[in-house]
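Everything on this sheet refers to the single structure shown next.
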Amino acid sequence: MTGSVLQPETGTAAQDDRIVLSTRDLTKHYRVGGGMFAGPPRVVRAIDGVTLDIRARETFALVGESGCGKTTLGRVMLRLQEPTSGTIRYRGTDLTGLGEGPMRALRKNLQIVFQDPFASLNPRMRIGEILAEPLRSHGYGTPAEIRDRCTELLEMVGLRRQYLRNYPHQLSGGQRQRIGIARALANKPDFVVCDESVSALDVSIQAQVLNLLSDLQDQLKLTYFFITHDLAVVRQFADRVGVMFLGRLVEVGTTEELFARPLHPYTMLLMSAVPRPDPRKRGEDRPMMRGEIPSPMNLPKGCRFHTRCPFARDICRVEDPGLQTLGGRAVACHFPLED
Amino acid sequence: MGADDPILSVRGLRTEFSGDRGDVRVLDDVSFDVGRGKIVGLVGESGSGKSMTALSLMGLVPRPQGNVSASSILLDGRDISKLEPAAMRRIRGRDIAMVFQEPMTSLNPVRKVWEQVGEPLAIHQGLGRSAIRKRVLDMFDLVGIPEPKTRLDAYPHQLSGGLRQRAMIAMGLICEPKLLIADEPTTALDVTTQAQILRLMRDLRDRVGTSIIMITHDLGIIAEMCDEVNVMYAGQMVEQADVFDLFERPSHPYTRGLLASIPRATVARAARRMPSIPGMVPNLAKLPPGCRFAPRCSDAMPQCQRPPDLLPVGVGHSARCWLHSAGAALPEGEMR
Amino acid sequence: MTLSADPAAILEPETIEEASFLRDTMRAFRRNRMAMVGLAFVVLLVLGAVFAPWISPHDPYRVELDEQLLPMSATYWLGTDNFGRDVLTRILYGARISLVVGIVPSLVSLLIGTVLGILSGYMGGKTDFVVMRLADMMIAFPSLLLAMVVMYTLGANLLNIFLALALVGWASVARVVRSQTLALREKEFIEAARANGTSRAVIMFSHIFPNVVPTLIVLFSLSIPEAIMWESSLSFLGVGVQPPEASWGLLVAKGKEYMFQAPAVAIAPGVAILLTVMAFNFIGDGLRDALDPSMKD
């Protein structure tokens, strides 16, 4: 229904219009509790009908608060977790129906950089081993070729080759995240999920790593699916943005449009909640979100956002607005914001 | 002592840790003031010493590995720098309270919330259970916990992260301390919850007059909340200024670099590449001989081989940088 | 244990990095004084056991009824037992059996338990169900009875003691390893390996296994004394080591009857057990620390 809307014509990095990865009505439900004496299990709708097209060489940012399902969506897109229903297509291949073997072969092209540079590297392996593993898994070549590639990867992310012999704990957070990036790029993927990849880093290091990601994207023609809670990073880094709330996309648009004129009240409130590094702007009275996020086990009727929305009216409590087209953009709201 | 005297005045705070590989000085000659009813920011990256400053003030640095010394730490005119651990215990929670980053782990999961929030009252004022319960209820009201009566008997896991942090703030304020130290109080929270908690803390300052030390890595929070700002780098104060001065006339190259490398949600991107500070925070055990920022500094000069002092660069504004000591001031307000 | 702790070395023994992992581990181990003391004790004990016939002037089996329960002397350093045999000599010979009985079945149950525990935890589903129900059965069944049944039906010899002890021991190892594997499986670095297309076998072998090694070492150092005790129980009940062969457990069991006339007969082998167990514990602690990469700076 909204396929064309989700790939607007105004994307900035749209040198290549081919769709790299797309999802149709993707859902992931978890069962919680239940059992012989515990009554029927309850269902958590972590992802609830997500339809999305990611174009080649763009940076698509997915923003939302904790528990909105953004991390799960990233994992399900790579089939690190199995979807409950819906389809995922990578360059035309349906991933959902793929067997273990072919899927493992495809993982060369689909990669992920994790949030926590401490937890994502095996503490008992040297950097050289960590980088060599994906190469070996896909039969890259002789041990000498693998060693050369590891050195090349280190240089690519701006580290000296001596680090091959180090353990992860001997590196700083920023250096470790560079290793995480190098490992993801070992087999020359074209689609990379970055799951909060700079969130754990200090401000000055964060800027370095973002610059690195940006350079690598240009050199290696990468497509990024950039999951973050940090709107400031999104603004600086993304071409298009999807805003997620309780398992659904509530707004999708280009970065410029979305930041200049948010359509969904949630997007607007999220943006206004970010502390601004300008003391002259403080005290400006900003609209503030009410209350707390509803539990994904017990979703409100109608629009999921109505319990927190300052503009909710009667229809919002009854009818669930789907993601609709509005002037070339997509928004899930009965009363999209006006200028 | 007049009403203009600062509530807290720290001079020459020095904290060292001894380990297998020799001693490491994690705080070096840290001095700053907190005015009455002011929110004062301590900002820096990990390893800058901002959290260690808080722990040192609270007497919470682990012994015997850690060793804290100071010329003086005046809390409301009284020097607390030489107090014995027992005397310091009487001050903690009563005169200085602290709110931590992680509301999940700073509450005991098997005890009811009200018992924990009211614990400082039992320790410092010896109140009975019913009196404590009543005071906790009042505090819950003050920090904006909805349906406070029903939340008294809740266990921590029954509260959301935001409510837990409100409960932690209630616990911090319950003995009406002279000073509240908030160490990254919103880092673990979502932006919308963060906005609520920050507003609460500002309100408390306005209504109750609480003096607050706000420790954060987020310059956005500094800009929103603080009156005065202390920028720390590698265990030293590198710049101290009024918040407006700091953002409009940053004097230390590190502050300038930090300000430049914040992604800004409200500014459209001009280019994909962001200005960034090269290199990384030095290892405190292997500090450069002179200015600790010099190896990363684009303005480094030959003088920077010697350690610079923290010197005034304007009214109530000082920086630890040879650019200013040498009289070669940077053009005002220019950022690179 | 040191060798198998580094599976990468087994996969790719020719690369330089892995070899130096071993070297790092050795260096870290050598710096641990208690571990080195423990190692020295065990080495001495092993030498003493192996070369017992050359070291001791006495015959461990010859009965001298006119020399029963003699006190300590220059001839009999720890006195003699109720058959007039030299206690120290019997302890040296007993070490042969007790050390082997302590180490071999522990290694076997560790091996079985580790393989099944990792498989069970990582694969989940049916594998997990079958392995865990099997382990439950082993743990629920009175283990002494199980061991006795094995000994009765297959006969009382050393090999069958190994078999009985391994049969009893693997289940608890499998449980501990499984729960560790379950926790490790959720770690991001495992997810990263999966995202890289690393096969399940490699993930289990080169990611999960090295991270359970510290636990295995602790389990190992705990199971040696346990196995020594088990052996002595079986011997005491008459289905273990048969007299006149000596094992430490048997020596304590037989010696306790003469506790008041000649305390050294029971206490000396008891002290031998104690010292050996402590030595293995020190070695275990040292190895665990040495294998932790963050302790190697």
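In this document, chain identifiers A, B and C correspond to the written order of the chains, with residue numbering beginning at 1 in each.
Keep in mind that, in the parts below, a residue touches a chain if its C-beta (ideal position, glycine included) is under 8 Å from a C-beta of that chain, and two chains touch if they have at least 3 such contacts.
Here the structure is a predicted model, which is why all the values come from computation and not from measurement.
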{"item": "More contacts between chains, A-B or A-C", "value": "A-B"}
{"item": "Furthest chain, CA centroid comparison against chain B", "value": "C"}
{"item": "Euclidean distance of C-alpha centroids - chain B vs chain C, Å", "value": "53"}
{"item": "Chain A and chain C: spacing of chain centres that average the CA atoms, whole Å", "value": "49"}
{"item": "Separation of mean Cα positions, chain B and chain A [Å, integer]", "value": "32"}
{"item": "Complex interface listing, chain A residues touching chain B", "value": "65-66, 172-175, 202-208, 210-211, 214-215, 229-237, 255-256, 259, 269-282, 288-289, 291-293"}
{"item": "Residues of chain A touching chain C in the complex", "value": "75, 78, 80, 104-108, 110-112, 114-116, 119-126, 128-129, 133-134, 136-138, 143, 164-165, 167, 169-170, 180, 183-184, 186-187"}
{"item": "Chain B residues touching chain A - in the complex, by the definition given at the top", "value": "45-46, 146, 160, 162-163, 190-196, 198-199, 217-225, 243-244, 247, 257-259, 261-269, 272-278, 280-281"}
{"item": "Chain C residues touching chain A - in the complex, by the definition given at the top", "value": "8, 12, 14-15, 17, 20-21, 187-189, 191-199, 202, 206-207, 210-211, 291, 293-294, 296-297"}
